[in-house]
Amino acid sequence: MKTPRSIVAAIALLVLILVISAIAWSLRIQLYTTRAPFSAFLILIVLLVAGYVFMEQAKLGKSFPVRRIPAFEAIEEAIARSVEMGRPVHMTFGFGTISSSMAPQYVAGLGVLAHVARLCGRYGAKLIATLGVPEAIATTEEIVREGYYSAGRPELFNPAYNVRYLTDQQFAYASAVQATIVRENVGANIVVGPFYAESLIFMEAGNMVGAFQIAGTARETQIPFFVLVADYSLIGEEIFAAGALASGDKETLVSIRGQDLGKLISIALVVLGIIMLLGGFKLVDSLNWVWKFG
Amino acid sequence: MSSQISLGKVLESRELLYTLLLLAVILPILHPIGIPIEISARTRDVYNYIEQNLKPGCHVFVEVYYEVAARGELEPNLIALTKHLFDKGCKIVYSSLSAFGVVAFSLFKANAADLFANKEYGRDYVYFGYIAGGEAASASLAKSIKGTISVDNYGNRLEDLPLMKEVDKATDFDLVIIVSSGTDVFAYYVRQWHTPYGAPLLFVALSVIAPSVEPFVGAKQAIGMLVGQRAGAEYEVLVGRLGLGIASMDAQSTSHMLILAFIAVGNVVYWTKRLSSKRGGSR
Amino acid sequence: MIDWEVFGAWLCAALVVWIYSFAYRDNVLYKLAEHMFLGAAAGYSIALALDSLNRVLIRPAITTPQTFWATSWHYIIPAVLGLLMLAKYSRKYYWLARYAVAVNIAVGTGLALRTVPIANIVRQITATILPLWGSDPVKTLNNWIMVLVTLGGLTYFLFTIFPRRVEGVPPSPTYWVYRALYYIGVYGMMVGFGALFANTIMTRVGFLISIYLIYLQPQAWASIAAAVLAAIAIILGALRKK
Amino acid sequence: MSLVVRKYVPQIIVSAIIVATVAFYYLYVSKEVADAFGRADKALSDWAVIITSFALIVGGIDILRFHVLRIKKEGLVQAPFSAVTIALLITMVVFGVVGWYYSYAAPELGITITTQPQFKWLYTNVYAPADAAMYSILVFYIASASYRAFRVRNPMALLLLVTAVIVMLGNTTVGGLIWPGFLSLRDWIMTVPNTAAFRPITIGAGLGTIVLGLRLLTWREISWMGRRE
């Protein structure tokens, strides 16, 4: 089988960066910032290139098994159940904003929303998406619309009902969301995104009406509340994997293999570092090495 | 309907739990029980550090960075530390990198009026008020206070304040205390005050965020950390000014015991149901 | 003439009590408090938005127009993009709203990609490289826990690359190592979750104490009156439902 | 053509900004380039602030529209409440604009948007107490949540319960009365197993972020654009 040009190009780019770095290193040229250790840049580049190569390989039809993520699979059950009970489905994404480093988590939440909206269209469920980030209003409306239209149920789409921007102030948003969950008597409460202290408020509101709850975030301090209180939870990086699964696209899904590669690299570095300590060599110093001479 | 109300249901109802919880918090504040408190090694280390290293006439910088909701946890620490510092004869410069810090400071001052009673503003302590700009402002303060701001919180010019003639930059301070309800501001001071100027930092953190700033303390970038209300109560005992901290510890104890009791009841109810259904009971 | 200070203090106490009343049951007074809160918060955030526009864009453009047009002329672009967000009401030009979202998502993701490799990966790896032997047994035990739970957690999250058990063939040693680490990871994380959850209770009780001291205790009668009203509202609401 | 402006240009914007911000952060060419990048970086974050500000104003219009529609549709049950929201929103904005006017017309008064007296009154007496109350309502929720979360269904839940009980007893003074060791045991749990438990999650979240960044860069993550063209 012929290796496609894109893969060759990506690997060539990686090799080129390594060669240039090696040359610059031997000539002691200041090529990289002193703000971050060089290893961070290296890990970033390796993961980006490897993820890209995986995705290009998938285009050739290469596939592999993926571990089940029960929380993701439960979304369909949750929606089907609330349709049976005649109750709406609620989804929200948390208080983290799009223009901060919380953006990736927010985008992951929007990916899950696309999945939820499609399923709501298929089952004819009413979807209420509440949000606290004004930039995302238009996007959210579009996603919900797409979900209903692609399932041939345009009559269910009513932006003023389906998408509710409450406010961007954390607890005003939280107070309105908890009221929405209880007053609309939602059957499924799906919350995925960057959550702060409001996480538990949403979980308890869902519990008051006995909603089926699926929750996920990558914000460490809020994970316990989701894991211990929700019916199903997406822990940490699982929300990003869920976003990839939700796309329903094989090539996109393959990108999560990049996450696995990163974990294997981390495990290898830890094990290697500990073994090297036996010989008195400190791998920590090399990892912390900043591109700086003299 | 009423026939369905059983003991288990009443015990399981959230309304009962909430009402008891409110009482468990409010009653001990009104009538402190006075459960004896044991001083943790961590708090004692901080106390000893101040006791040994700060001499009369030294200068301390205090960052007040918390919203009023976090007052219960952080204010006892701030008051007890202030008392300790004034007792040692230190002069204190207060500042806030957040707008809500101004409200917190005025409440703190009103609550600790006895400490400020015989202290003169401008000579013994100063408050800058809110300084906008986050990390950049912190860096600029470390370089030169008078280069960053020109007036204090009350509109006095800094040049007119005697205390401000003695201090201007990070190295002028013998201790820098950060009282914060957020994680970021600790990192600002580590990056802008400790790393370049070696300023000794003392953290006062909420108990929820303490784990995330623990690495700085572990790496000796701070001389110590006071964690939450408990540390506040311990410090109050150490400096001998009992206040909100120690009163709150009773409230903490009663509310925690109540929650533990409810967890126990929950388990009993759960296992009774489970065992009876296993035996082929009606439900 | 109303004393606005006193009225404000009563309002504060009432709002706090009515918001707490939701924990018992949704009621009219919570609904009122919630809608007041929503209106105030929305108005506040719009005012803050005007304030930051004023700070970044309008004031420099008015007070120092020459330097503004020389150095910061490009601030007009995001202003136009921001106005284009109104296009979401249009059936035909809805896609114009995407441009602004694109900029903000890219800025956020760029920020994340800068900090994540250092803070989330390199720092965590270096902190886990610990000696697993030594004279101090407590420290050694701590290091073992640290390393095993971290590796176990990483193993738990593997999505696509892991050894599988094939029917009829005795599982390989790799498989057993994988399973062991997997369970250490799960149990280790559970301990962490339980600890963090329980540790949070203290802060939350601390918040309640602060609120009680600031808003409720000084206005005891207003709070009690508000609580009685909330109780009546809850009971009436329950009766109406029946 | 229409597909280009609808779909490709926004994606090109995303990729270009991500590549530029990341590349210039890590690469070092010369001091001048680094300084120029620092300025560009500041400008870009200002761009984000400007866009967010406009988004907030558009969001305000959305809130108004939502509540006007509710008054029309749901009648008397909802109308008074929606009216309260609309009235407070408009009042706050009007007072803010008054403050804004004074900041230009009479700068010596020191009144700005956020320090206008009536605006401040509404903030301190409506917004602030409600905000603090919502934050502290968590105390009720955490109590009822722990009541349900710590049921011993299986061995793992037992471990969870034991950890939680130790931490809770270690946090309170009563714990010290029962057994003085709770305090140090709590400290150990919080520093060793707790740190270890969150480390793989932190690493994983970082990896997930990088991979999502890759998907945005390669135009595979398109949910943020809304409909699929």
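Order of writing sets the labels: A, B, C and D. Residues in every chain begin at 1.
The working rule: contacts are C-beta pairs under 8 Å (C-beta built on N, C-alpha and C of every residue); 3 or more make two chains touch, one makes a residue touch a chain.
It should be emphasised that the depicted structure is a prediction, and the values quoted were computed from it without experimental measurement.
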item	value
Most heavily contacting chain pair (counted by C-beta pairs in contact)	C-D
Maximum centroid distance from chain B, chain identifier (CA atoms)	A
Separation of chain A from chain B, taking each centre as the mean of its C-alpha atoms, in whole Å	34
Distance between chain centroids, defined by C-alpha means - chain A, chain D (Å)	16
Centre distance in Å when chain C and chain D are each reduced to the mean of their C-alpha atoms	5
Centroid distance [mean C-alpha coordinates] between chain D and chain B, Å	23
Contacts with two or more other chains, residues of chain A listed in rising order	36, 41, 44, 97, 99, 104, 107, 135, 137-139, 141-142, 166-169, 171-172, 175, 220-221, 223, 225, 228, 235-237, 241, 256, 259, 262-263, 266
Contacts with two or more other chains, residues of chain B listed in rising order	14, 18, 25, 68-69, 207-208, 211, 230, 252, 255-256, 259
For chain C, residues that touch 2 or more chains besides their own	19, 22-23, 31, 37-38, 40-42, 44-45, 85, 88, 98, 100-101, 104-105, 107-109, 111-114, 116-117, 121, 124-125, 127-128, 150-151, 154, 157, 189, 192-194, 196-197, 199-202, 205, 207-208, 210-211, 214
Of chain B, residues touching chain D in the complex	14, 17-18, 21, 25, 35-38, 40, 42, 67-69, 207, 210-211, 214, 230, 233, 249-250, 252-253, 255-260, 262-263, 266-267, 270-271
Residue ranges of chain B in contact with chain C within the complex	14-15, 18, 25-26, 29, 68-73, 107, 206-208, 211, 215, 228-230, 244, 248, 251-252, 255-256, 259
Footprint of chain D on chain A - complex, ascending	30-36, 41, 44, 47-48, 51-52, 55, 97, 99, 104-105, 107-108, 110-111, 113-114, 134-135, 137-143, 145-146, 149, 160, 164-172, 174-175, 197, 200-201, 203-204, 207, 218, 220, 223, 225, 228-229, 235-237, 239-241, 243-244, 246-247, 249, 251-252, 255-256, 258-259, 262-263, 266, 291
Chain D partner contacts - residues on chain C that touch it in the complex	4, 8-9, 11-13, 15-16, 19-20, 22-23, 31-33, 35-54, 56-57, 62, 72, 74-75, 77-79, 81-83, 85-86, 88, 95, 98-114, 116-117, 119-121, 124-125, 127-128, 142, 145-146, 148-154, 156-157, 185-202, 204-205, 207-208, 210-211, 214-215
Parts of chain D lying in touch with chain C, wherever the complex brings them together	5-7, 9-11, 13-18, 20-22, 25-26, 43-61, 63, 81-82, 84-93, 96-97, 100, 103-104, 112-114, 119, 121-143, 146, 149-150, 156, 159-165, 167-168, 171-172, 189-190, 192-207, 209-210, 212-213, 216, 224-226
